[in-house]
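Presented sequentially are two complexes of chain A, the first with chain B as partner and the second with chain C.
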Partner chain A sequence: MSYDLIIIGAGHNGLTAAAAQAARRRKVLVLEARAEPGGLAAGLEFHPGFRTSGVLHDSSGLRSSVITSLGLESHGLRRRPISTSVFAPQAEGPGLLLHGEPSRAAEEIAVHSTVDAERYGRFCEFQKKIGPYLRNLLNTAPPDISPRGFGQFWDLFRRGMGLRRLGREDMFECLRIGPLSVSDWLGEWFESDLLKANLAAPALLGTWAGPRSAGTAALLLMHQSVAENEVIGGPAALVRALNAACEARGVELRCGARVARILVDASKVKGVELADGQVIDSTRVASAVDPRQTFLDLIDPRELPLGLAEPISNWRCRGTTAKIHLALDGPLEFSSRPGQSFDAVRIGEDLTGIERAFDAVKYRRLPEAPHLDIRVPSLLDPGLAPDGMQVVSIQVHFVPYDLDGGWTDDRRADLIESSLAQLSKVAPSCRDRIVGHQLLTPVDLERDFGTSGGHIHHGEQALDQLLSLRPQARCARYATPISGLYLCGSGSHPGGGISSAPGMLAAQAIR
Partner chain B sequence: MPLPSPFHERTASLCESLKFKSWAGYFAVCSYESHPDPEYFAFRNSAGLLDITPLFKYELSGEDSAAFVSYMATRDVSALKIGRVTYSCFCDQRGKVIDDGTISRLDEQRFRVTTGSPAYAWFLQNSRGFQVEVEDVSESIAALAIQGPNSRRILAELVGPGIEDLRFFGLVAARIAGVEVEITRTGYTGDLGFEVWIPRDGALSVWDAVMAAGKAHGIMPVGLDALDIVRIEAGFLLQDVDYFSAPRCIIESRKSTPYEIGLGWTVALDRSPFIGQKALREEKQRGSDWGFVGLEISWEGIEEIYTEYGLPPSLPTQACRMAVPVYSTGRQVGQVTSSTWSPILKKYLALATVEAKQVEIGNQLRVEHTVEYERMRVLATVVERPFYDPERKRT
Partner chain C sequence: MSDRSYDSIVIGGGHNGLVCAAYLARAGQKVLVLERRHVLGGAAVTEELYPGFKYSVCSYVVSLLRPEIIRDLQLPKYGLEILPLECSFTPELDGPGLVRWPDADKTRREIARLSKRDSEVYPLFGREMAKVGRMVKPILEMVPPDPTSLNPANLMEMLKLGRLFGRLSEEERILQAKMFTMSAIDFLDEWFESDLLKATMGVSGIIGTFQGVRSPGTAYVLMHHYMGEIDGAFRAWGISKGGTGMISQAIAESAKNLGAEIRTEAGVAQIMVRAGRAKGVVLEDGTELTARHVISGVDPHRTFLGLCEAGDLDAEFLASIKKFKMRGSSGKVNLALDRFPEFTCRPGDGMHVRGDLAIAPSVDYLERAFDDAKYGDFSRRPFMNVVIPSLLDPSVAPPGKHVMSIFVQYAPYAIKEGPEAWPERREAFGDAVIETLAEYCPDLESSILHRQVLSPWDIEQQMGLTEGNIFHGELSLEQLFFMRPTPLWARYQTPIRGLWMCASGTHPGGGIMGASGANAARRILKSRVRA
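Our next item is the complex of A and B:
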């Protein structure tokens, strides 16, 4: 059996690339090791009757251009009418609902600081102003900086000039902010700890960086510049729509088909070999699995271009995120706002606390007070839980992959306990309502979803692992030095999270 | 300052000339007496004993060791039998030679590689993805070369007549003076000879045993000066003299491929991928720019140019490593990189790199030779290598 293109991994990026390539009348086969498509974006039943909307639960990064070009709306994809409001509860105090609408957010901020409330508008304006520039950077293939790519110098120059168009003041401000820590940068704007902690969080999701780590300000700017309204039903709904789009275009999806080897001969892709020994021919293979596995596990080292193994094995993918799913028999209620429900919540009252949580990961320990990024997907998609019950999806930061002493049952229990303790401080009724739970440590994520180091982004998002360096200068533009082999997962520009952008940009690069 | 090798206690006390040099960071004897001639003749007529500990030695073991060695080397060692040794080049991705050395298969999943310069980092850095362990045994293994027509008799006295069965490029485990060693029938002299690989602690016991057993067979400790003569007679090239290790070359033109230095026969092209395969395949198709030849420099020519000055002919009394230009019809077409007077052949020999079209046997070239501060050119003929190739080497 022969295909025009084989895609390894039916995560949302793999499916995106498949649908986009199939639209070009190519015969596409998607191979997925798991029993269901979706990868980290797939919903999973973690307790009888309770399903998540995806291990990754934030779908605000999904690119509108992908929805349009794949016609995902005709396959049932819907976005929320307004952007998500994130609630930052306090143990003592009213908490802060960071409304998606800046003027309404400012009203909430004013309760904590009138100065901050006033500045918040300007802060949003600044982000809005540089947004188009960053979006352009994040929605196109990165410039080629490989030794052979000097012809792309013009592209690099043009993008540099794009920054210049922001105006002298904003350009220099951007250049100044980029390497800053998010803590320093937000400190220049605001005084409220709660506000700063809430604003900083998106920069830190899944990264091996605390709020005081250099370069995190750039990560925040990038995250915010591409944030749009979330998908109703979350990432799982996106996977359903992508799946439908693939089906409509004749993409063949095979689940339970683990790829053991990408077959290469004389620097050209020949196809893949499955774990059961079956060989499938194709002159094009796009890998949506992380770069480390793609190059180091799936390809015969003798077929790898010399000098690629080393940088790829230096690719940093130390998972820092654990996932806890709770099945509640009642609502998740916060003492600061009784009677109200929030579908997006961040627990971490100040940046120092978050930095302390990050400290633990540096020393391979468990954080005493982890930073929690919470979604209650069943509020918007009641079908995820039985009537009147809720699903609580918690990304726990910062949790080391290589925990000192290893991941024993006791340590797992410790992590659940410390996370629940954090949650109980602001939602005391929560504990009594838990009817079921699931913990996925980075080690579990690696085992169940096949991401090296259990890294939810397929590799850390640091300044040296972004853009033309993701995952390596020689394969940053989706094509690799092996003819016919492409990368189309989160390990490629513009990186991890639910965006479909790497998949789409890769599909454009596949010849 | 160089370090003493495990044999230093013996070699230093025997070295009357006090002539040492540094070989890969070890004290190495140039010649034990004031002139290397007696040692040279020991190699050719009886037996010579040489400390070759300074060679770099690596052990590669594990499930993928055969695949890994074959990937690193120009040879395919997957079919190399246990107890056999082969000689190979190691190239970079452009097919330029990094090193040359022997590969011994000690076991199904264990190889020992010798190289002329440090290769640990190169092996390690390319071992990702292979189930292989790379161990630098350069210091833990001492080594002696016992070379010459009597070498087999000496070893037979030490390890028994079984040594007679050890074929050319074979390897056998043995015990000398109670020390477990490996003996390979390899060498750098182009003669009957063996190399003994010894755990460092046993070095002196083995030296003493070999010297004692060799006494009746005319064994002599030999230094590098005599080795340099015999290796040129044997047509063997020397790293950093006849070719340069690619990573240490500042300019591209200094690098060589195996084809260019006469080691094309070590390249097995059509097989599993190895480093440099693509470039070497292209070169094989395209043809090489350079070739490596043996030259016999005309003695009559030498006499002639000395006679012009009223001088008797005179040659360096030792092997010469100074590169000199080679000409064809007035145009420089290459360079001699090593040359020596061969005492046994009574010929003036040279190893040279010349343009590929000049490599034909019988081709007449001219080699620069300076007489009385004047650069002259002497007739030299391309001849077969090795210059000296006794039957006993293989039988």
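Our next item is the complex of A and C:
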């Protein structure tokens, strides 16, 4: 049997690429090693009757252009305005409810600092002003930096002019901020620790960098510029819609089909070989699995083009995020705001504390006070838990993949305990309401979801692993030096998270 | 008034100020250099604080001094003599340590003990870095173009820069992009596997910064220190005979010979500005001196926040100067020693100690030293770069005795008790340094005749470097090239007409390089027509 295109991995990027290519009347086969599609975006039953809305739980990066061009709304996708409230609780104090609407957020900020409240509006305005430039950068293929004639100079020139259009001062400001640490940048604006910690958190998800590491300000700007509306039902609902879109376009999806090898002959793709030995022919293969696996595990080293093995083996993908899922028999309540419920919560009261949590990763240790990014998906989608009960989804930042001494049962228990201790400081009643839980360490994520190093972004998002260098200059524009082989996962520009952008941009690059 | 009026007045007799003055004098200007202290050199000074022992008080090694400056100013004629530091030694507590020798084969055998693979890669790495250095070299001598200006002269400079980039191969472009963004250790990880070797090499990435070896951006600082190896042979670091002050002395002599006037103990209190134009300076004793150009050889903070009236500058510019990160992170301990102290892991005063020594036994050790500093403390177990100049240059100590120069990191200016608390913490800091070094060198404590401890606060007080930053501002990506010290004023000129900058706070930055001073002089001479 032969296909126009085989896609390896039915994560949300693989499905996006499949649906987009099928719309061009191509016969597409998607091969998924797991029993169901979705990868890290899929929902997961972690305790009888309790489901998550996706291992990755933030869907605010999903591009509107993807929804429109794939007609996802006709396949059941619904959105709501970006998290109306991200709550930063305090052990002592009222906490901070950071509203999506700047003027309402400012009211809350004023409780902590009137100066900050006044500046917050200007801070949001600045981001809004440079937003279009960044969105353009993140929603198009990265510039070609190979020395190849006039075309690329034109492209670089055009982008340069785009930056120039921001005006002299804002342009320089962008260039200046990018390499800063998020701590330095926010420090220039604000004084409240709680506000700074809350704003910085999204920049640190999945990084091997603390708030004081240079370059994290760029990550924050990137995150903020693309944050839009959230998918109702979370990433899992996106997977359902993508799946329906694929089905409607005749994409064939095979689950439980693990690809063992990408067949390459004379630098051309021939097809794939499954773990059970079956060979499927195709002159085009797009890989949605991470770059390390694609090039180092799935391709015969003798077929790998010269000079590719080395940069790919240098690809940094040391996972730093663990997941904890809690099944609660009642609401998640915070002592600072009794009786209220919040679906998005960040726990970390100051940047110094978060920096200390990061320090542990450097020495392959567990953080004493982990930094938690929490969602309560069952508040928005009550079907995820039995009546009156809740699902709490926790991304635990700064948990090392290569833990010193290995991930023994004791260490797993330590991580759960320290995370719950953090949570209990602000939500004391929570511990007694736990009826079930699950821990996924980076090692578990690697085993269950096949991402190298358990990295949720398929590779660190550091300045040298972004844009034209993601995952490597010669395959940054989705095509690879192997003719017919493409990359379409989070290891490609613009990187990880639930955006569907790499999948969509790859689909546009597939010839 | 004619005797009090000059073409140019240079504030600060540091090496960049002196270089700038010398070039201006060479072009026929009437130049005056004003130095607040009794000695010239700024951070590049030699002082005899203990009879018979000459300390290179702050700056202690040289490698980046531009060869064309040495040539143009005929520095050897005025007494400049560089003694090469040929070895680099990293002692260990439980092992023989690592020595990199002048002989490549011997070095390869040393490294092979740690890792066979690393020993093979090591020479390739050196060649690659030299290549990067060559790429960067033309940029060092360039007045940074303004990427937003459509002025034809500026566009030509941009084009020149574009051509430089255009000539690079794909691999070189990638390498450059990585150098500017990666951490020193991530960068070295791509080449080497031995922890001791990576630690030894990684320290070049943190010297003078408030960053750890794992902090993104430190790969650039690593390269900044490698640039000294471009023109000469490998390991082109050296010390100046008679101490670092001799470099300043030679430049000053050359400048004087070219007609420049140099005054010491003449501190500038204020830069006189009339109608947006610099008119001259007021000295601390009230004397007013006028000049067409006033050139600041002190750091940007001191220039604009200290010597200018707030009313002479607009608020936005002042805000951008305040954002320019100073953050001194290093201290200095200078010792007068009764005898040569033996290092346990390699005894004797042979070749191996006649270079620089690094206390950098592992990558984690260095990173932990940084962790202490991050939270406002000096490192309990710091990174140190040690040189014993008296082994190479007996003139700096009495016969049989020695001076030891210890550069220490981290000692953050802003300790948690506040910078003013440094005088109370200074000796504890000195103790931590001696204790750490004594682990490798048990003889040390009993051989100390005199010790001088300089915290970044002391460096600020004595040398006038804001927050004790030895580079006049951090060498982080957003503070380099056309952004140094601020994006809109990176071409040695300032918002005040006739006021210029010529020191390390401008492109290409710190170290005894002289490039800032020479570039600024070039720029000022070009502007003469308009003045």
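Methods note: the second predicted complex is superposed on the first by the 502 of 511 C-alpha atoms of A that agree within 3 Å, B and C clash if a C-alpha of one lies under 4 Å from a C-alpha of the other, contacts with A are read in each partner's own complex, and residues count from 1 in each chain.
Definition applied: a residue touches a chain if its C-beta (ideal position, glycine included) is under 8 Å from a C-beta of that chain, and two chains touch if they have at least 3 such contacts.
Note that this is a predicted model, so its numbers are computed, not measured.
Asker: Looking at the overlay, what does A:Leu304 touch: chain B (first), chain C (second), both, or neither?
Answerer: After superposition on chain A, A:Leu304 lies in contact with chain B alone.
Asker: Classify the contacts of A:Leu274 with the two partner chains as first (chain B alone), second (chain C alone), both, or neither.
Answerer: neither
Asker: Which partner chains sit in contact with A:Ala473 here, chain B, chain C, both or neither? Use first/second/both/neither.
Answerer: It touches chain C, and chain B stays clear.
Asker: For A:Met171, using the defined touch cut-off, is the partner it touches chain B, chain C, both, or neither? Pick first, second, both or neither.
Answerer: So A:Met171 only meets chain C here.
Asker: Please work out whether A:Cys255 is in contact with chain B alone, chain C alone, both, or neither, and reply first, second, both or neither.
Answerer: neither
Asker: Looking only at contacts as defined up top, I'd like to know whether chain B or chain C touches more of chain A.
Answerer: Ranking chain B and chain C by residues of chain A touched puts C first.
Asker: Let me test your reading of the model: by the given contact rule, A:Arg212 touches which partner, first (chain B), second (chain C), both or neither?
Answerer: Once the two structures are laid over each other on A, A:Arg212 reaches chain C alone.
Asker: Examine A:Leu296 and indicate which partner it touches, taking first as chain B and second as chain C; both and neither are also allowed.
Answerer: A:Leu296 contacts chain B only, not chain C.
Asker: Report, in rising order, the residues of chain A that make contact with chain B in one complex and with chain C in the other.
Answerer: After superposing on chain A, no chain A residue contacts both chain B and chain C.
Asker: Within their complex, state which residues of chain C touch chain A.
Answerer: Those in contact with chain A are residues 147-148, 166, 168-170, 173-174, 177-178, 181-182, 186, 189-190, 211, 214-217, 323, 325, 364, 367-368, 371, 374-375, 476-478, 483, 487-488.
Asker: Under the definition above, what is the set of chain B residues touching chain A in their complex?
Answerer: 67, 71, 92-93, 125-126, 128-130, 272-275, 278
Asker: Of all residues in chain A, which touch chain B in the complex?
Answerer: So the residues of chain A in touch with chain B come to 266-267, 296-297, 299-307, 309-310, 313.
Asker: What does chain A use to touch chain C in their complex?
Answerer: 145-147, 160, 164, 168-169, 171-173, 175-180, 184, 188, 209, 212-215, 311, 314, 316, 352, 355-356, 359, 362-363, 462-464, 468-469, 473-474
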